[in-house]
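Got a structure for you, questions after.
Letters A, B, C and D name the chains as they come in the text, with residue numbers starting at 1 for each one.
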Amino acid sequence: MSGEVIFAVIEGPEGIARAMRRLSRMGVSRKRIELLTDIPYPPSLMGGETSDTRLPLFTSLGLVGGLALGLFLSVGTLLLYPLIVGSQAVISPPVFVIVYELTILGLVIMTFVGFVYENRIRKDPLRDWVIPADIDGHVLIVQVPPDMVEGRIRAALSEEGARILPIEDFEAERLEGEALVIEREPS
Amino acid sequence: MMPKFTRREFLKKSGLLAAAGTLALSGCGGRGNEERLVPFLRTPEEQVAGTFTYYTSLCQMCPAGCGILVRTMNGRANKLEGNPQHPISQGRLCARGQAGLQALYNPDRLQGPEVRANQRTDPFERTNWDEGLAVLGQALSESPGRIAIYGGHLPDHVYRVAARLLEAAGGNRRPTVWNLYRAAEGRNLLQQAAGDILGAERLPLFDIGAASAVISFNAAFLETWLSPVQYSRGFAELRKGANRGSLVAVEPRLSSTAAVADDWLSPPGGREGEVALIIGKIVLDERLGAGDRPASVDALFSQVEARGLAEELGLDFEKLVRIARRFARSEAPLAIPGGGLSAFDNAPAAIRAVLALNLLVGAPNRTLFLSPPAPAGGELDPREEVSSYVETAALLEDMKAGEVDVLLVADGDPYHDLPEAMGFAEAADQVPLLIDFSPFPTDTSELFADLRLPQHTYLESWGFGVPEPGTALSTMTAQQPVVPPVFDTRSLVDIFLAGARLAGGTYAELLPWEDEFTYVRQSVETMQQALTAGRIQTGSILTNDPEKFFLEWRQFGGWWSTQEDRPEVTPVVPSEVALEQLVTARPEEARPHRLQIYPHLLLAEGRHANKAWLQEAPDPMTTVVWQSWVEINPGLAEELELKTGDIVRVASQSAELEVPVYVFQGIAPGVVGMPMGQGHVAYGRYANDRGVNTVDLLELLEVGDTGELAWGSTRVSIEKTGDHDNLARLERSDATELPTGI
Amino acid sequence: MVACYAENNIATVGEEQIQKDRGLHWIRIERYWKTEWPKPRVLFLPLLCQHCDRAPCEPVCPVFASVHSDDGLNLQVYNRCFGTRYCANNCPYKVRVFNWFKGEFPEPMNAQLNPDVTVRGVGIMEKCTFCVQRIRRARQQARAEGRDVLEGEVVPACVQTCPTGALTFGDLNDPDSLAARLAASDRAYHLLGFIDTEPSISYLKGLGAESG
Amino acid sequence: MARLPNWARLPRYSGGPTRGLGQEAVPEAERQLAYEHQDERHEPGAYSTLQDAVADGTIEDVPPTEEELARMDAALDGIVLRSMTRVGAGYLLLAAVLGMGAASLFGAWLYQIFAGIGVAGINRPVFWGFYITSFVFWIGVSHSGTLISAILRVLNVEWRRPLTRGAEAMTLFSLMVGALFPLIHLGRVWKFYFMIPYPNVRELWPNFHSALVWDLVAILTYMTSSALFLFMPMIPDMATARDRTTGIRRRIYGVLALGWRGSQQQWHRLHLAMKVYTIVIIPVAVSVHSIVSWDFAMTTNEGWHSTIFAPYFVIGAIYSGVAALITVLIFVRRGLGLQDYITKFHFDRLGLILLAVSVIWFYMFFAQTLTNWYGGNPVDRELEHLHIFGAMAPLWWFMVVVNVLLPFFTLWFKRVRRSLPAMLVITILINMGMWIERFLIVVGSNVRNHLPFDWGDYTPALPEIIIAAATFAMFAFLYVALSKALPFVSLWEVKEGWRLDKWRTQGIVEGETEPAQEPRGASPPPSENRPEEVPA
């Protein structure tokens, strides 16, 4: 990962919206911008969707896995060790209650696993930075594209009312909050 | 010091080693064989452990004398079954017989002789047999003529020794065998009546299986009367097949025998004999009497005013007519005079009336016989004889008068089993030495005994029995120890023999045997000699070799004839069965209800109250367990506002008891029913402080001049106490309707 | 009843537990009043596990403690059971009994225990097994001798002991056996037949000869 | 035209400076604003009067400014975080009492394990007693949370926001309590693992034909789903707590926050995951109580064998769940000082839901009873007779009064719905009634069967009573204990709600349930918000 990183603190959603649009017009790709907010804002306000997630994949995997486990338990084990019980065939329709429940269970668990994976494990260039606790407002992290001048972006953001913070503050915070969030050096 | 290493412990340890070895081995083989050894997928029932050894023996849980098979493994008896070859049981066994194991392995059994030093309130201390027997021997030698033996049921071989012991002691006593269970059998009265009518003073043989129409007059023959297993088999025979025989029960309380009858007639208690007269009269009127009947028998019935009498007894005359017709027209009718008849002061007349009814319809030698004689004739006598009530009362009077120095309680629990009014407690206090031989602690031994010399249970000792009433096959049943003694006990015969040896003199002369085994062995030889002398040519064992005979006698569970041998009945027609004798009424306004006391199907007179299985098995009619109760008619319940479980005070002249009520559909107004059996104070954990001893209520009324107790003539009053007890029983609702779909 | 207790190592529970309806009777004789006083008529209904072909108790057990054996018995596998008591709830005949406490066999009563039958601990369901241990013994014996089990070779303890011979036991698959013939007779019916559990036990209608 | 006072949205500020929580002290002017309408606020019904006034236009609903919103945020954070960090003597006492109550459950249970299951009052034929009754009851209560919160989420009902967290927590806690009962009721609980499907030495799998195994799996699924359903939206709040606490708390919340930073990506994933959960959890909840009902309906027993049981149980679960939710919210509102977030308006709405559910429940109950009665099956008849006229009549009639008549004749009235004491009494009574309803089903049907000889009765024994009662203490204990650890109001959701409300009013975003409204505010939305006007 190359290029400078700019940290800007912006108050209020309107300010962010303005800054995002400004950056986008300057040609900074949405992928180079990370926006940290304490509540979710509609993406339409915040410079568009950033749907870079594999969560559906995990969910689907859970669905299939749960289904397979359910089928194995409710059909497989009964065939493996067939014991006869009164008025039921070895495989009888009611056992599919199990298939249903386990399918859902797989889905639910894998969705969570996916969520944790994406949040904590998956490599993400801009995720190593932490917001210092006492910053009031929303934080915009911009990775300056290699072909741009850092100063221009700084200036543009400042124009939109952003407070540019020195990177040292963040690094200090990063070390202090190590156990909490980040283990990895920013590359 | 070497640690004590018993065989069982050794087995346990080697078993452990073996298990460890298996585990170690399987460790190498991965998914090893230890799972295969006994995989949980296979149920434990799929496994069987070892091979059983079966021994034959003789059931002593009641006086009927069924042959049994004992299933054992590793020296432990674990199941009793009927001996399939034995003439009486034929492979069947009743609940009491099944519970014999709990006599053998009763947790409250005495573990050895016990003595108490001075007062009868002192605790017992363990002693050894030498000392205990020394006391017995000394007592025997020092008190000639002042010794008595009491027992509720003495097996034949014990009775014989006991009788000889008393003979040696002098004083003209014979063992006193009497309690309410024995009184309820009515043996003596039945024998006397048989003498009057059937020509021989012997118990009749009721061949229910051969009959096709049976009228039972107060005979609980499926429950406790005389030989229930045999009669039950007969009843099954009666009911079998297309020509299903009929059964009519005439009794004031619906017993479980009456419950399976086709008809139940409930005349007032004590008037069953009159029903026999009515039926006889109808038979006469309809000219249905047997062709070969003694002519004079008609006269007994001709005077009866049938319709009026039926009305007086509250019975439906038309129904009686139908019953009489069916009875007399059947191929093989049989009227049974049950033990219940002996409960009233008109017992002899009533029994005679019923037997006479048999003569009228030609039952003798078709369904009614006499018991066969013992295989060795008189050689084995005396066999057990039930004493009369008067004899027993006389013994107690003697005791009270200080004329008995030694009382040997060979069996049973006289303090519990005899009515309080007879005064056993008072009498026992006057006896200087009371030795109790029960294998269990009993109320009597706890309160009055000076010495307890616990005897073996019947599964640990030798013996023989000649059942009476037997079957048509004369029989001598073998009793043999099937397990090693569980505790430090001795067989009663051995105790008596040892005592006699120590006492010396006449005792040693009359009781010459070395031990019980020798005695039994010799008795069997006596019988064999009698057989080979040519009196009976056929039999189950065909050998003249005494050794082999004795072996086979034990192996097959006894000897019995293979040919039916029924002494012919030669009817004697009595001049009259006076109607007046039959009318029994003791109206007493203060005590409006007659007390019908009856032997508990499972606990008998109470001797089985210390067996958990029998306590937990429900009474068939009320399904009550572990408890005493009083049965009352629903009408009375309504009148007194009682429901099942309410506690009432039942008071007779003799005693007052508080007992829960069971509202019983099967009991007539004016009668209340109570089972015997509970109310022990020191008979082990299963019996103590449970229910009440109903026997104590009895008034001491005699049956005419027969010397028997009219045990059904006591009158009681019933009073509500307001308490309630959740009477333990199997049925859970008072709902009486049938389940749907049946 | 007592024969059953003796054969199958059934524990007694005592008066208080019976009051709470916790007896362990595998077979019980239910006494019904067909009519009440003054003309009481009684019906005795011996009730034991009916060994249903379509046993409602079996599918509901979560751990296969209640299963069908290959010879049609309705087995209760004690070491699998952990006491949900679901099977007992689902039994229309209420013949399953539960060990609410550990059964007591105080010394030396433990000596009377049948070595073929597991002694059940606390929290285990049990019921009539048709004395399966006897059937297994007979089958092993027959197998060792290379033959089939003969009619009458094996009977449960209750059938064996019943003095009135009210119970008959046999192989329903063998049309010649007495049991099969009786079960096929006009008198035979199934208890609570409308639930359609296809019990192995048939009851025979009585042929009462009541006279009014 | 008057302006809707900000306090109608604004949380009451009820404390001094909150240093250490990362918050600015609230200036005096601000405090003045908060107290401006204090009298009005405490007047019963004032809030709803204002809402009504907004609805009919007599009061103007002016959206709060950014500054006001920031103050509202801070005050909300303050209340919630303070309740998470401050431990008073009263709290400790309450927790100790409830903790002892909960401990008595385990005491009684241990006694039962060592003495044998027979110390309970169950018998033959009443094999299931208080334990299964409690099981069904608590599983029923658990339906409140998830179902209410999920359904309201799906329908985008905005007033749900302050309630969801409490409701979801209730689900989890009552499930934890309820799931104990199948264990407690086992004869040999130490063999519980027999039921877990894994290839074991016994070479045996559980019997998947058994409704009890369905139960196990369903409850496992439901417990997992509802735990995650509770936890997932709590993650951002954990991060808030992490950022505003120090020391050990900071570390713990840091772990629980799972690296939450609030990036747009994360918000997006969270929304996505929650969408999945919200949709999936509704059928799961329905299936769980259906399966619980099938424990009964699959049997041959009269009184149990009924096709209506699954929906009947589900609606019964929702019924008692909603009632329990109201009860719990009344306490939580008081205990955590959330009077300004959980308002009478919420109780009004929940009361309406309760009314509707009670009527549906009555319909099912009536259908069940009527068919039993009319069918004429003798056992059914006997059962109904026993319930309505027999020994169980007091219970049955109590149930009918409090579950049918009481809600119907009270909840129609707005005054009742907005009266917290009335709602407290009504909802507690409803849950007592629902407990009895379960008792009548579980025990009341088992006491009768086809064989009158084997009819039974049931008297609960002391351990059962202790355990059944202690579960209430345990439930309360879980609530009280975790209220000190978890944010009991979903901070971000409430804040998001305020913003969405504002933007919807201003027409910046479209309401998802209602069409975009004309901006009603006096001031037009900031021109900067229009992309085309953004200066170059």
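Following the convention adopted for this analysis, contacts are C-beta pairs under 8 Å (C-beta built on N, C-alpha and C of every residue); 3 or more make two chains touch, one makes a residue touch a chain.
Small disclaimer: the values here were computed from a predicted structure and weren't measured.
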Review point. Which chain, with its centre taken as the mean C-alpha position, is closest to the global C-alpha centre?
Key: C
Practice item. Could you quickly compare B-C and B-D and let me know which has more C-beta contacts? Key: B-C
**Study point:** Cα-centroid distance, chain A relative to chain D, in whole angstrom
**Key:** 29
Study note, to complete from the structure: Between chain A and chain B, the Cα-mean centres are separated in Å by 89
Review point. Counting in whole Å, what is the centre-to-centre distance of chain B and chain D, each centre being its mean C-alpha position?
Key: 69
Check your understanding: What positions in chain D touch 2 or more of the other chains?
Key -> 202-204, 207, 209, 213, 450-454, 456
Check your understanding: On chain C, where are the residues touching two or more other chains?
Key -> 21, 23, 30-32, 45, 56, 59, 61, 64, 80, 192, 197
Point to revise | Touching two or more other chains - residue numbers and ranges from chain A | key: 81, 83, 85, 88
Exercise for review: Select the category (line, ring, star, complete, other) that matches the graph of chains linked by touching.
Suggested key: other
Review point. Okay, in this complex, where on chain D does chain C touch?
Key: 115-118, 121-125, 127-128, 182, 185-189, 191-192, 194-195, 202, 204, 206-207, 209-213, 216, 295, 298-301, 446, 449-454, 456
Review point. What residues of chain B sit close enough to touch chain C in their complex?
Key: 40, 43-50, 73-74, 76-82, 91-96, 98-99, 101-102, 104-107, 109, 222, 228-229, 232-233, 235-236, 239, 244, 246, 254, 259-260, 262-264, 316, 318-319, 322-323, 326, 486, 602, 612-618, 620-621, 623, 625-627, 633-635, 665-666, 690, 726-732, 736-742
Exercise for review: Under the touch definition given earlier, write down the residues of chain D that touch chain A in their complex.
Suggested key: 22, 66, 73, 197, 203-205, 207-209, 213-214, 217-218, 220-221, 224-225, 228, 232, 236, 240, 242-244, 250-251, 254-255, 257-273, 276-277, 280, 283-284, 287, 291, 492, 495-496, 499, 503, 508-509, 526, 528-529, 531, 534, 536
**Study point:** chain D contact footprint on chain A (complex, rising order)
**Key:** 11-14, 17-18, 21-22, 25, 34-46, 49-53, 55-56, 59, 73-74, 77-78, 80-81, 83, 85, 88, 92, 94-95, 97-98, 100-102, 104-105, 107-109, 111-112, 114-116, 118-120, 124, 126-127, 130-131, 133-134, 177, 179-182
**Study point:** Residues on chain B engaged by chain D in the complex (per definition of touch)
**Key:** 35, 39-41, 730-733, 735-737, 739-741
